[in-house]
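For reference, chains read A, B and C in written order, and residue numbers begin at 1 within each chain.
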């Protein structure tokens, strides 16, 4: 059903995007078309990655998911960086973190909690993820912020590059830990083994083809999307910060949002939590540092220095997530708390 | 026994307060009379609320306790706001949070711990409360502080009002969760059911009468109390901040302090913790935002922006509370740690 | 084996130190000789304290370990304070905290984790220590930082002295709790009792003699060591901050580092964690406040006010430690995370 809608949007949206950008349609209209089309395309990319992951087996599959999971966001960000929109990229990274931790997890917990009184998830995974959230968001993002206060531009960039490399190495180490050395170690303790036979939706060839075509389309549209930001910001009275944090983040993560909520409704809370927090870690430990490194080859380099409101929003979101998730249980009220936090931040960034 | 003393203080204090304020006795003397009388009156209000709560049954009763529990503090604060003492009100809110988390919990843990080697309390409630403490104090109080740095006065107030509304909605949602949808869900797990027959001290009519009269008296005295602050501050060399944080907070919460310690000595640690942390949440999620909204109708509006020392004191107090309470156990040393934290902050605010 | 090497270094290093300082050898050479000799001497002091502790029984022994455990660091710091190097002393305290929490614990978890898939330690002790870490590093170090922003020098020092006294009292209370009132209370729950017969390496007399001689040597060398800092900093292009945080901290804690890793390899994770975190608490709750008090009798008094980067580094290190240790388990990846954090901070302080 949803797949059909996304297919229709794709087959209408891609041509419209091409035509519209050539005909110089009004920016607001183009902005809307681009956003919708990217959301639809990213659902294709998600399904293709999923199929490939099943074909490739759990280890390579996990690696595929971990690298291609945030491909759309990465692509939009690279084009935004090329257009010199460093502030928008940092804002969209912030938006992804907040969106995943507060909006995705909040909706999952809340909607899942309306159906089930108490939902449980693997507390070992949650704690493993808590540690990484503290490492990535609180430690690795705060240090450059504070240290750069008394540093010049070059030192700040050097520190950012150093931290980025360490973040990526630790991200790879985390994959090694999860997929190889400690695979399944923490699962047998409180879960019945459920080896559902998973059959890929598409064959290897089709999946690669879909992935390639969708990626090219996303890239093409993203390049045009970032140039509409300025006009949209002006016309709606939004700051570029707000566009980055709310709009880009939602467009870049819409597919994940939908599937996390779906899992919560099916009481598969482990997967819902994994999508929300795993995706946050992907952004913080892989996408963000990769963008810092990529930016070195672009005219405007991007240090890993967020604005203070962005940083504080991310830190408090992480602390709230940890406080709510360390008991391995969720209910509708925990979801409401996360959503309330998201609304507070939305108001804040809107007014900023 | 204690009730008798409070009755004597009330029957001497109320007339003295009236006479003294008419005769313009020295401020210091009046300040002392007002404080003592309010403490005595608030014990009456507490007992009346308790009686009404028993008559009304657990749901309405819980609601009554949750709204009238901090009535005294609310009344004093409204009169202080009317007198333009925004700083004192924010300080007394800070003082309530610190007093409940560090002084009340600290005394309960310490004195209870002298009698019992290890005291246990419901860890589910503690975790539920931890999440709300992070939400209210760390997230909802920090965001306006940081975001308002680059905002003008109007934007700051808009953000404060938005956050206040969300805080109150979530507070009501928390009551719904605790009293309706998940009532008793987390209790059967590690507690024997103990349905003590509770008989109200007063009938419904008497209780409402006592509540009404005591409230009027508190209101009358509070109005005069806030006007003594300036003189008292001058004469003792105290800052208004210190009066708000230490004095007003202790006067406004004295009754709770006493009953929490009493519960700890009886090894009813669940109730002692509930008083200390529940009362903090009431202040942070109900009294504080309500005062922001009320202030809109007064000459001086109050944004939800504390001073940095106040905010940092509250945040560190919350982090300490969470670190100490997440194992569901207390002992004398944990109490000593909380008390030591209170003394450190007392010194800090005294010197400020 | 290690003991033999330390003995050789001592018997060569002490005379060389004396001769070198009289002959005014180049500072870099002297710096190297001093550092190596102090590391060797501190291993003697550690063994002597250990022997005395066994002879004296667990209570007095625990007290001995708790007071003499960081004697070397205390001695170096006192001489640095006398030389007016307040900044270096604060940096070396920071370095001790970071070194113990991130480097020592990180190496222990990582190397231990390469041999054992999952290592467990006493989660009760870990939680007790978490509370104290939050109290000492987050609360007691942050309060003076923030409050002193609007204080004059005298008020800042008064606040520092007050906090220092409270820290030391609570440290003594913690010893009372651990060694007297709650000794063994939390151990019988998840540990088999293992009363290994411990025989002291040295008799009481020999141990006292070794301790006395080694202490005098350390004092003598420390006095000269601190005067080489300036030249070394200049020649290597290091800031004094970097010397304090990385070099002094490693020299002052080398012995502990080695024994913690050794314990981890033997799967005695309780002891490894106790060394890393216990040593941090000793520095934060005993050495640091003691130095503040001692500084009152020296020309340059030392307030308990770290630089912002130092403070943030310590806070994030504590939060990471708590997030990783509150499940009572370690593995190689948790070690890698701590080491990655240490490298990030190393880069930061180097660039500062």
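Some notes on this structure:
We adopt the following convention: a residue touches a chain if its C-beta (ideal position, glycine included) is under 8 Å from a C-beta of that chain, and two chains touch if they have at least 3 such contacts.
Only a predicted model underlies this, so the values are computations on that prediction, with no experimental measurement involved.
Copies chain A and chain C of the same sequence differ in orientation by 120 degrees, per CA superposition (steps of 5). Shared residue numbers account for under half of those found at the interface formed by chain B and chain C, and the copies are therefore classed as meeting with different residues. The distance from the centre of chain B to the centre of chain C, with each centre set as the mean of the Cα atoms, comes to 40 Å.
Residue positions of chain B touching 2 or more other chains, listed in rising order: 326.
Contacts from chain C toward chain A in the complex involve residues 117-118, 308-309, 312-313, 316-317, 319-320, 323-324, 326-327, 331-334, 336-337, 340-341, 343-345, 347-348, 351-352. Those residues of chain A lying in contact with chain C across their complex are 124, 127, 130-135, 138-140, 142-144, 146-147, 149-151, 155, 158-159, 162-163, 166, 169-170, 173-174, 177, 181-182, 185, 322, 326.
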